[in-house]
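Here subunit A shows up in two complexes: once beside subunit B, once beside subunit C.
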Partner chain A sequence: MKASDKDSKPIVMSALGNRDSTMKKIQRIDYLYEALRVVLGILIAYALCLVIIVLLTGVDGWKDALYNFAVGPFTTTRRFAQVLSRMAPYMLVGCGMCFVYASGRFSVISEGIINIAPVPIILVMFNTSFGLNIMPGLPKIVNQLILIVTCGATGAVIAMIPAYGREKLGASETVTSIVLNSVCVYIALALIRNFAADRTQSFIATPNYPASIRFARYFGNTNLSEGIWVAVIGVIIACVIFYRTKLGAEIRITGANPTFAKYAGINTSITPFMGQVLGGIFAGVAGAVENFGAYNQYQMTMLTNIGMDGLIIAVMAKKHPIFVPITAFVLAYIRTAASVLNTNTKIPIELVTMLQAVIIFFVAAEEFLGKSRQRAIIKASRAEA
Partner chain B sequence: MAVELLRMEGITKIYPNGFMAVSNVTFSVNEGEIHALIGENGAGKTSLMKVLFGLENCQEGKVIISGNQAHITSPLDAIAKGVGMVHQHFMQVPNLTVAENVVLGMEPGPGPVFDAKKAVRMTQEVSDKFGLGVSANSLIRDLTVGQKQKVELLKALGRNVKVLILDEPTAVLTPQETRELFVQLKNLRSMGYGIIFISHKLDEVMELCDRVTVLRRGKVVGHGDIADLNPAKLSKMMVEREVNLNIDKVKAAPKQTVLHVEKINYLDDYGKRVVCNLSFGVRAGEVVGIAGVEGNGQTELSEIIAGLIKATSGTVTLNSVDITRKSIADIRNLGLAHISEDRMKFGMAGTISVRDNILATYLSGDKFRSGQFIKMKKLDEFVANCIKEFEIACSGGSDNVKFLSGGNIQKVIVAREFSGDANFIVVNQPTRGIDVGTSDLIRRLLVSSTRDKDNAVLLISSDLAEIAEVSDRLLVMKDGEIVAQFTDVKSVSDNTLGEYMLGVRRMTSEEMGDLF
Partner chain C sequence: MAEYISNFLYSVIRISTPIIFVAICSTLSAQAGLLNMAGESMMLAASFAGVVFSALFHDVWLGIIMGAAVAVIITLIICFAAFVMKVDLYLMSISMNMALGGGVIFVMWVMTGTKANTAGAINGLSLGNINIPLIEKIPILGTILSGHNVFTYLAILATFIVWFLLYRTKLGLRIRAIGQNPKAAESVGINTNKIYTIAFVIAAIVGSLGGMYLSMGYQSFFSKGITGSRGFIGMAAATIGNSQPFGALLMSFVFGLAYAASNYLQTVVNDSYLLMSLPFVLSTIIYLFISGYRTKAEDRMKKKKARQLALLHSELPTLNKE
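Right after this comes the complex of A and B.
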C-alpha cells in the first residue's frame, strides 16, 4: 500500500500542476474579460454620445462641444470640485447597494432615503429648543456626527419596510421600494412644509442651516464639502464589513447560493434583511452628505436619482465595495461633463441618461465579448494540452 | 463484415470554462452491437455523448450516421437522424401517464387535438414489441425506478432510432433489475440495434458488451473486442494506477451512542410517508452504512438529521441533546458535519472563493472569529492547510470555486466538513460523479476519522462496493423503513442485499438485533 502510494504520487502531482497552471491562465482571461466588458461598455457609450453631439451641434460647434464633454470637468477648479462633490454621495450609496445586491436582493429604496433621511434631524434643528439653542453652540464635529447618526438611523428604519415585506411576508422588495420612493418624497415634503418651512421663500425650503450644523464647503463656495471625508471613511468601513466580518461573509455567501448558506447554518432570512438595512444606513449617510454639504437649506422637492445611480455604480463595481470609488468617479465625471455641456451648448443634460443606459447594457450583457472570451480560453487550454 | 451505423471522427470538445473534455476522439458503433464506453468519472464519456446527442456542440470533428455526414444541432435533430439517449437522470413528467410521456413532442391526433387513445395504443404496441412490459396507462410517479428507465427506452424506441445511448443505466437499478435490463438490451442487439453502453462497472461490461472503448482525460486510451480483454486489463487502461478497493481498517471499537433517531416520520409535499417510524443510532468509532435503492427515504433521512427539513414526528438526539427543532447553526455547533448528495445546490457557492466556501460553515462558531470580525490570518492558514492536505488543485484560497473540477469541488467540501470539530458526520453519496483517486481518499477518510478521532459516521450510498467496504454496520432502507441490519458486512453478497433492497425479504426485529 505504502509503496504504491509513493509510486503514484509523482504522476498525480504533475497532472495537477499542469491543470493548475491552465486554470490560473483561464481565471486570468475571465477577469480580463470582466474588466474589458466594463471599460468597453463605457467607451462605446462615450463614442455614441460623441456622435450624437456632433450630429446635434452641427459642423461649427462640434469641436467645442466635444472638448467640453471630454475634458470639461478638468478645465476649472469649480468643475472638478463638482465631480468630487457628486462622488461623495455616490460612493456611499454605491457601497450600500453592494450590500443589498450582494445579498441577492434588489431594493432601490436608497432613492427615497436620500430625500427623507435628513428630515427628522431638520425637524429637531428648527423646532426644538435643543436644535435652536444648544446645537448651534456645539462643536462642528459633534453636530456632524449627530447628522450622520440620525440620517443613517432613519435610512435603516425606512429600508426595513421593503426588507421586512420581502423576508417575512414574501412581497417583492423591488416593487415595494419603487412605490415607497414616491411616498418618501411626499412625506418629507409634507413634514418640511408643516413644521420647518421658511415662509419667506417662494418655494418649499427650510431656512439656511447654521454654519456649525453642516459640512463646510471647500474652495470658496463650491459644492465640494467636508462630506467627501465621510464618504472616504464610509468606503473603508464598507470594505471592512464586507470582507472582514461575519455579517459581510454571510451576505456574500447567501447571495452566491442561498441553499448552500442554509446548509452551512446561516440564517437566510435575517442575512438579506441585514444587507438591506446596511444599504439603508449608507443611503441615509449619503443623504446627510448631500443635503448638509451641497445645499444650504433643505430644498429637495423630487427624487434626486442618486439612489438609482448607486445601483449603477454597484453593478459596474460587480458588487465589490473596493471598486466603488472608481466606478463612482466615472459616473460623477460623466454626469458633470453632461452638465458642463448643457450650460455651454444646446445639448440637453438628458443625454447622459442615454449614456448610462448604454453602459449598463454592456456591463450587464454577460455574453458581450463571449465568443472572443471563449476563443481565448480554448487557445489557452490547447496550448497546455 | 458488420455494417457501421455510426462513426464519430476526431471529436474535440472544450467547455466555456476552458476544460478540454474530449480531445480528438474517434468512435464507432456497428449494427447489432453493444459498444461499451468506459472510463473514470470526468474522462469525457458523457461529454462525448452529449455532442452526439446534440446537447453540446464540438469544436472539431465530424459525425457520420449510416455513411452520411450528419450535423446534429439539437436532441430533436439527433432523434430524427436515428440517435436516441437514455439519460442518467430521467427526463419525465411525473404527473402524466407513460403514454403521454412517450408521445411528448409528437402527440398524435387531428391538428391541435390530442388523441389520447391513439397515444396509448402506440405506446403499448412498442412496449409489447420489445417485451418491456410497461403499462401505457400508469402514471410515471407510481412506477419503480426500473420501470421509469424502461419508459426512457420506450421514448427512444417509439421514435424509431437505430442507435441507443445508455448513460450509466445500472447506477439506479437493483441487481435484479439490472439483469432484466440486460436481457432486454441483448434482445435489442439481436434485432439489429446499435447500443452505446456507458458504465464504470467492469463486470457488467464484460457480461453485456461486444466491443469497448476506454477514455481517460478526454482521450481514447484503448479499444478492442471484449473477447480479447479481461477486467484487469480494462481497469489498468481506465486508471493510471491499480485501484485498491481494499481499505485496511482496524476492527471498529464502538463507544457511546452519538446520534440517535427515535420513531421519526416524514410526510412529503404530496402527503406520502417517505420516512416511516425510523429508529436507530450511530456510535462513536463506527461507520454505519445505509444501503437502499434511491428514493426510499435516504435523502429525507439525511436532511432531517442535518436540520435542512424538520421531521413530521419523532426525535433526533445528537450528543445527548434533542436537536429535532434546533436551527442548523445550533446543530452544527453541537457537532454535526454534513456532506450532501447535491453538492452544487447545498455543498458550495460557485461565484465566491475557496476560502469563503470553507469559511461558510464556521461562521456560527468562534473558530475564526473574535467578536464580529473574522480572523483572516488564522483562516488563511487553515485554508492553505486544507488545500495542501487534500491536494485541491487550485492556485490558492482566493480562486473562485466555479473554476475547479467536480472532484476538486468535492475535496473543498470534504476538507471543510472533516477539518472541523464535529464528532458526527452524515455523508450522502460522497463519491458520486467523482474520480477514482478522490473517491479513494474520501473513503479512507471516512474510516480513519472513526478510528483516529472516535467520530461517528453515517454513510448513505448507492454504490454497493463502497458501502460494503467502508461500513462497520450496514442497514438497508426500503420504503422509509429499516428492513435489515448486517453486522458482518463483508460476508453479505450483492444478491442478498438486492433482495432486501427490493423488498423480497425483510428481517424481523429479532433478526436485526440492537440498532442502538
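Right after this comes the complex of A and C.
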C-alpha cells in the first residue's frame, strides 16, 4: 500500500502541474485573442474611415484629406492639446463606465451628469455671497477641490436614481438613464436660465468663470487645462478601487457571474448599486473638468456625447481601468482627427460617430476570431498532452 | 371651451402616434423576453430612408416600404451581432442608436450638403389626413377622432394586428413561450434565435412606421434629432403597460397627453425648458413606480406560494397515513 502511495503521488503531482501550465497557456491565448480583437476592431473601423474619406473627396483632394485625418492632430501644439483636452473627461468617464459595465449594468446616465453636475456649484458661484465674495479670494487649489467634490457628489446623487430603480424596484436602468438624460439637460438649462444667466448674451450661458474658480488653460489659450491632472489622478484612484479593494473585487465578481457572487456571500443588489454610484461620481468629476477646463462659461445646450464615448472607451478597454488611458487616447485622437478634417474639407464629424458601432461590434463580439481561438487552444492542449 | 378641449384631445392623439408605434414595437420584443433598445435606431433609419425613397420613386407607399426595409436590415445586423457573434444585445442596440444618430446626418450631408434637415433639398412625399365618413358627423367626437393622419389609424390597426399575432397565432404562442422561459422552449424544439429574429423583424417594421410618421406625416421632411428619445419613451410605455398591446396603447396616450400639455402650457408657464422636461420626468416617475409595484407584487406572490408549499409538505405525512 505504502509503496503504491509513494509511486502514485509524483504522478498525480506531475499531472496537476501539467494541467496548471496548460491552463495558463490557454489563459494566455485568451488574453492574446481579446487584445487582437480590440486592435483589429479599431484598425478595421479606422481603415473604413479612410476609405470613406477617399471616396468622398475624390481624385483631387484625397491626399490632403488623408493627411489631415491621419497626421493632422499631431501637426500643431494647438491640435495636440485638443487631443489631450478631450482625453481628460474621456479618461474619467471611461473609468466610471468600467465600474458600471463591470458590475453588469448599462446605465448611461453619465451623459446627463456631464451637463447637470456643474450646475449646483455654478448656482452657488453666481448667486450667494459665499460664491461671489469669498470663493474668488480662496486659493485656486481649494476652489478646484470644491468644484471636484460638489460635481462628484451631484453625479453620485443623479446616478442613484437609475441605480435605485434597478436594484430595488426592478426597472431597467438603461431606459431610466436614457430618459433621465433628457431631463438632466432641460433641468440644467432651466436652472441656469433662471438663476445664473448672463443677460447680455444672445444664447443661454453664465458669465465667465472667475480665473481662480476654474482649471487654468495651458499653452496660452488651448483647451488643455489643469483638469488633465485630475483625470490622471482619477485613473489611479479608479485602478486602486477596481483592483485593490473589497468593493472592486465584489463588483468584478458580480458582473462576471451574479449567481456565483450570490452564493459566495456578496450582496448582489448593493454591489452593482455602488458600481453605478461610482460611475456617477467619476462622470460628475468629468463634468467638472470639461465645464471648468475647456469652457469659459457654462454653455452646454444639448447632450455632449461624452458619456456614450465613455461606454465605448470602457468596452474597448475590456472593463479594465488600467487600459482606459490608452483607449481614451485612441478615441480622442479619432475625434480630433475628424474635427481637423471637418475644418479643412467640410466632411462632418458624424463620420466617426457612425464608425463607433463598427468598433463596438468587433471588440465586443465573442465569436469574432472565435474559431481561430478555439483551434489555438486545442493545439496548445494537445502539445501539452 | 368645448372646441378648445376637443382641439387639445385631437393633438394628444396626433402626438401619441409615434409613441404608439414604438410602444407596440417594444411590446413585441418584450413578449419575446428581450428589451428592444434599438427602437430609436429603427425610427431614425426609417424616417430618413422613407423621405429619400419616396422622393426617388415619387410614390409614398413605395417609400414607406423601402423605409421599413431599411429598418429591417438594421435589425438584422443587430440580430446577427447579438445572436451569432454574441455581442451583448443592449450594448449593440445602444451603439447602433448612437451610430445611426450620427450616420443618418452623415448620409444626409453626403446627399444634400446640409446637416440640419432635408427640407427643400429632397422633395419627400407625405401621407395626408383622412376623414372617417360616419364619425366625422358626430359633433365633438368627430373633431377628436376624425381627420387624423393615415399613420395614426395605422397605429391603432397595428395594435390590433400585434395583439392578434401574439394571442391568436402559432408564432405568437412561440414568441410568448420564449419570453416566459427560453430554455424550456428550446427543449421542446423551438429555435430560439430564429423566433427572436422574427419577433425583432416584425417589431422593426412597426417601429419604422413611427419614424416615418415623424418625417412623412407630422412634418414633411427629415431633421436632425427628429426622434427626440421617443424610442425610449415608447419603451417605458410598453413596460408600464405590462407588455400588453392595449396597455402599451393606453400608456402611449398618457405620454402623448404629457407632450401635448407641455405644448399647450407654454402660453401659461413661461419656462419652456421645464415644460420640455415634463414628459420625460413623468415617464420616469411612472416607470419607476410601476416597476416597484410589480416587483413587490411578484415577491408577495412568491412568498405566498412558498407558504402554501410548506403547508402542503407539513400535511403530506398525515395524508399518507390515511
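The criterion applied here is as follows: the second predicted complex is superposed on the first by the 381 of 385 C-alpha atoms of A that agree within 3 Å, B and C clash if a C-alpha of one lies under 4 Å from a C-alpha of the other, contacts with A are read in each partner's own complex, and residues count from 1 in each chain.
We adopt the following convention: a contact is a pair of C-beta atoms (placed from the backbone, for glycine too) under 8 Å apart; a residue touches a chain by one contact, two chains touch by 3 or more.
What you see is a predicted model, and the numbers here were worked out from it, not measured in a lab.
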Touched partner set for A:297, first subunit B, second subunit C, both or neither: neither
Which superposed partner A:175 touches (first subunit B, second subunit C, both, neither): second
Which superposed partner A:357 touches (first subunit B, second subunit C, both, neither): second
Touching partner for A:193 - first (subunit B), second (subunit C), both, neither: second
Touched partner set for A:165, first subunit B, second subunit C, both or neither: second
Which superposed partner A:344 touches (first subunit B, second subunit C, both, neither): neither
First (subunit B), second (subunit C), both or neither touched by A:212: neither
Subunit C residues within the subunit A interface of the complex: 35, 37, 81, 84-88, 90-92, 94-96, 98-103, 105-106, 109-110, 115, 228-229, 232-233, 235-236, 239, 271, 273-274, 276-277, 280-281, 283-284, 287-288, 291-292, 294-295
Parts of subunit B lying in touch with subunit A, wherever the complex brings them together: 14, 16-20, 23, 59, 240-242, 244, 248, 306, 308, 327-333, 338, 340, 345-352, 356, 359-361, 363-364, 369, 372-374, 376, 391, 393-395, 399-400, 403-405, 437
Touch list for subunit A against partner subunit B, complex: 1, 4, 7-8, 11-12, 16, 19-20, 22-27, 29-30, 244-247, 249-250, 252-253, 256-257, 259-267, 374, 377-378, 380-382, 385
Sites on subunit A touched by subunit C in the complex: 56, 106, 108, 161, 165, 168-172, 174-176, 178-183, 186-187, 189-190, 193-194, 305, 308, 311-312, 315, 347-358, 360-361, 364-368
